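Shared chain: chain A. Partners: chain B in the first complex, chain C in the second.
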Partner chain A sequence: MSSARLGSALESLTIPVGALIGAMLLFGLFMLMLGQNPLEVYGLIYQGGFSSAFSWQNTLSRAAPLILTALCVALPAQAGLMIIGSEGALVLGGLTAAVIGHAMTGMPPISVKIAMALGGLLSGGLWIAAAGALRQYRGINETISSLLLTYIAIALFNHMVEGPLRDPASLNKPSTAPIGDASMLGNFPGLDVHWGLGFGIIFCIAMYILVKRTTWGFGLRIVGGNARAARLAGLPVGPLVLAACFLGGAASGLAGMVEVAAVHGNANASLMAGYGYAGILVAFIARQNPLAIIPVAILLGGISASGGMLQRRLDLPDATVLVLQGMAFLLVLASETLYGRIKLFKPREVAA
Partner chain B sequence: MTARPTDLSRRNMIKGAAAVAATGAMGGWIPAFAQSKLTVGVIYVGPRDDYGYNQAQAQAAAALKKMPGIKVVEQEKVPETTDVQKTMGSMIEQDGVTLLFPTSFGYFDPHMLRMAEKYPKVRFAHCGGMWTSGKHPANTGSYFGYIDECQYLNGIVAGYASKTKKIGFIAAKPIPQVLRNCNAFLMGARSVDPKITCQLIVTGDWSLPVKEAEATNSMVDQGIDVITSHVDSPKVLIETAEKRGIFSCGYHANQSALAPKGYLTGAEWNWLTVYEQHVKDAIAGAPFKNFVRGGLKEGFVKMSPYGKAVPDAAKKKADATKAAMMKGDYVIFKGPLKDNTGKEVIPAGKSLVQTDPVLEQMNYLVEGVVGKV
Partner chain C sequence: MTELGWWGVPLGVLGGALRVSTPFLFVSLGECITEKSGRINLGLEGILVMGAMAGYAVSYITGNPWFGVLAAGIAGFFLGLLHGLICNLPKVNDIAVGIGLMLFGTGFAFFLGKPYVQPKAPNLPSLSFGAWADAPQVQAALQVSPLFLIGIALALFLAWAFRNTRWGLVVRMVGDSSDAARAMGYNVNVVRTLATAAGGFLAGIGGSFLSLYYPGSWSEGLSSGQGLMAVALVIFARWNPVHCFYAALLFGGAGSLGPALQSVGITSGYYLYNAAPYVLTLAIMIATCSTRRTLAGAPGELSIVR
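Coming up: the complex of A and B.
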């Protein structure tokens, strides 16, 4: 590796890590002001999220849905679109999977699972592709439209779950009919974490290769850099934008399918747990890099796992963790301005 | 992963053996030691200070904390996803909790059932009516209360307080528990004046403060002058009612501080009764009570103290009805009873006592309720 590439790799590692350390220090100060011992707080964060096999599994299981929903932000971002509608794609993916799962009761489980996954991928993908199409062909701001589409998706979901698709047996918690135990996804081998983690990691790696290592991905990034230039160069801008949106939405739809097939066994209002919104945070901290999403999601999962510990041991409110998340988010975004400004990482100029 | 539970129970057994040896050596200290061993975990779906559902549970948890030898760990705003499974697991593995109160309705299936299978020695007491004998594990159970009794008393007081003869009910979802409360509220009011009608507005979800405030405002504009609700946190709608100068009846917890002028009374949970029972059983090693229900008589629910605006006649009638309920011979739902489409839902001569499971499938609104299921 040339020293220039090594420098830039070091830079893109040191700056976010530094920002996170800064956030931890600020958070410690904040805890000190609340009369808590910061060292004890750090200890509990470590203990709650990363100290034992149990806490690691806690962390990973919280990270699993975030990996997929973050892709829904990061992939359209490659094409220059700021999509924040992952939650909508997730609930529709979950609903579609639940309907398919129930309709196929009695068929071989593997075919049911594949059909549910395809249903989730397709419905989530089409939903976000719709936001992309509105942007591409009608000039509608995709950030706003994807958010509004989420409200529509949630309203549609509630209407279906509480109306036509409601299982009459679900008296006090409206749900769709169960998909049945045979069609449920099990745990990731050797872990008490569901398959969503595996899907997420595979999806991230595949997307990283697609975006960074193929000509198609190169074209996509040119569109993201300058759509007019891309058009002049003869790139199919519309299809590229739609495909990026579709892939992102598909990831979120798959997250919904996993929630149904691995956790709930049916579609109900608990699907709307805010994973889609948390995914936005993950994608931004990962600087829209599909591969970086994995460690960032794990970090956020860990923070949320240790949030429980802080509540239980120190009687702190739930919002404490949000403060830490907010500090981390702000500092990481602010640290973006440091790229290219730190001498240490610059290639040494060769003397003439 | 199948190795884990056995692993755990083995570890617990060693721990238990060590504890027995230690207490044996200490002789007379056994009861005190046993008492200090109980750690209780309480999990809330929303904030603990929501003036509503979660606060009612948190008040019981706070009272438990004051009891000697009991440690309480709490976690709030835990969503009904794998998060709550991991939270239960953390409480058990990291804090040594052996009695859990996962208080949100949606925690039961599949989350609590899954964890109960994994940790068969831990007691899981869930708030709601889901537990079914033979279907669910023996270390799980449900507790719930007949709070429609309090909504009926709310209705009596509202019936006296209302001048326009129009009262309102703001509901989260049209599910049996909620419909039962709405019906009881109007029936209480109609026991005072049969001309009273009740407008029902369904917001669609358990916590939608903006919609709840809008619903309250639209009710005031329609001339409604007493409201109550069944949402997770009635805070905003009680405040809105106070601002608009109408009366309100509380739900879940005491909200009188939010509306010093207009708060008439309220239907409150008294979960400490349930918590104490489970704690006593756990300490004594008595079998876990899987199915726990009760109303005013059993001390599961209670009324907020009357507000300043409540007339004496209302107090008299409400107190008399309450006394009859405390004796256990008062029936709210009895025939002939028609729904608001004119269909007879309970034939003449038939009485449904509070414990009747038919009431838990209620899918109608009684005559006089303006609204649709």
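Coming up: the complex of A and C.
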């Protein structure tokens, strides 16, 4: 690797990590102001997220949907779009998967699972592709439209789950009819973590190769860098943008399918656990790099897994984790200003 | 009680428009100031929730809801200031910072607001304009908040001030051409930061309306995206404060379609009717945006319309 590439790789590793450490320090200061011992808080976050087999299991099951929802931000970002509608694609993917899973009761489990996954991929993908199409063909800001689409998706979801698709047997918590134990996704071999983690990692690696190592991905990144130049070079800008949005939405829809088929067993309001919003943060910390998403999602999954621990031991509100995430988000964004400014990472100038 | 039957629906929508539109109005006026200066603050949703929490807490502690409104404005001011200061750093994207502020503001408000979910804080008074009518439903529909009237006055004032005052012209110049503003000796970043902070102040007040008037209590599910819809609403209103008022009424009416239908016994599509404002926003954006031209009246420096 040339020294210039090494420098820029080091730069894009050091700056976000530094911003995260800064956020932890700021959060510790905030805890100190509230009369808590910051070291104890850090200790509990470690204990709740990363110390035992049980906490790792909790962390990884939370990381699985985060990996997939972060892809929903990172893939359109390659084409220069800032999509924040992963939550909507997730609930629709989950709903579609639950409907398919119930309708195919009694069929061979493997075909049910494949159909549920396809349903999740397709519904989530089309939903986000709609935001991309509105951007491409009507000039509508995709950030706003994707969030509006999320609100609409949630309304649709609530309507279906509490109305036409409600299982009469679900009394206290409106849910769709169960998909049945035979169709549930099992655990990752050798781990107490469901298959969603495997889907996420495979999806990330595939997208990394697609974006960074293929001509198609190169074209996509040209569109993201300068859409006008891409058009002049004869690249099919519209289809590229739509495909990136579709793939991102498909990842998020798959996250919904995984939550239904591996965790809940049906579609209900627990699907809206905020994975879509936390995924935005994951994608930004990972600098929209599909491979970097995996460790970042595990880190944030661990932090959110420790929320319960903070609540029980220190009597802090459950939103404590959200405060930490918010601080991390703002610092990571502010740290964008440091790129290209730190001498250490600059390639040495060669004497002519 | 007079039976109104189906007339209850338009009446409910009208009453709802008068009642629900106030947060839209304040947030969109705040966003209007910010966008006129050439920046976009998507974090107003977070500021709105923070304002709702701060307003409720201060009203509960002091016993005076107007102190709560002021506190909500101040909380919003500081969050807006934060957005402005971060965006002053070179290479930082204002839309992304807005998303960050949205998550930070709501998380921070949930964190600090936990102790105030249960207690009952004194609410803002309401003014009756329906005393002439016999039907109690009409009287109820014509109850308006003093904040609504302040909002109308503010919209008219801002429309006047953007045209006729020195700072109004400076904000617009900074938003239309930062080069021109720099050549005139104005500090673009300072103007934009102050405009964002002022926008945050108004959005905070819009939040206090939610917790202190309607629905009139603090909970984590208080806001349903009003702060975000206001951003789209400003685009629809073409950056004109008076049009922001009309648009806020329209959105308020759309938002109260669900409850109005429910009051006459139609409950089946409740969630779908609740999605009406989002669908309306999207439909309006589809109808008015275009890839071929920038929108009339758009500030030239604004990233969202380019």
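Definition applied: the second predicted complex is superposed on the first by the 350 of 352 C-alpha atoms of A that agree within 3 Å, B and C clash if a C-alpha of one lies under 4 Å from a C-alpha of the other, contacts with A are read in each partner's own complex, and residues count from 1 in each chain.
Going forward, a contact is a pair of C-beta atoms (placed from the backbone, for glycine too) under 8 Å apart; a residue touches a chain by one contact, two chains touch by 3 or more.
Please read all numbers here as calculations on a predicted model, not as lab measurements.
By the touch criterion defined above, A:Asn158 reaches both chain B and chain C.
Of the two partner chains placed by superposition, A:Arg5 touches none, neither chain B nor chain C. With both structures placed on the common chain, the touch criterion links A:Arg213 to neither chain B nor chain C. Of the two partner chains, chain C is the only one touched by A:Tyr137; chain B is not. Look at A:Asn58: by the touch rule set out above, it reaches chain B but stays clear of chain C.
Comparing which residues of chain A touch chain B with which touch chain C, the overlap comprises 158, 162, 317-318. Those residues of chain C lying in contact with chain A across their complex are 42, 82, 86, 89-93, 95-97, 99-101, 103-108, 110-111, 114, 220, 224-225, 228-229, 231-232, 235, 268-272, 274-275, 278-279, 281-282, 285-286, 289-292, 304-305. If you check the complex, the residues on chain A that touch chain C are 82, 84, 134, 136-141, 143-145, 147-149, 151-152, 155-156, 158-159, 162-163, 277, 280-281, 284, 317-323, 325-327, 329-330, 332-334, 336-337, 339. Chain B makes touch with chain A in their complex at residues 1, 4, 41, 47-48, 73-83, 85-87, 89-91, 93-95, 105-106, 110, 128-129, 173, 175-177, 204-205, 360-361. By the touch criterion stated above, chain A contacts chain B in their complex at residues 47-48, 54-55, 57-58, 61-62, 158, 162, 171-174, 187, 190-192, 194, 259, 263-265, 268-270, 273-274, 304-305, 308-309, 311-313, 315, 317-318.
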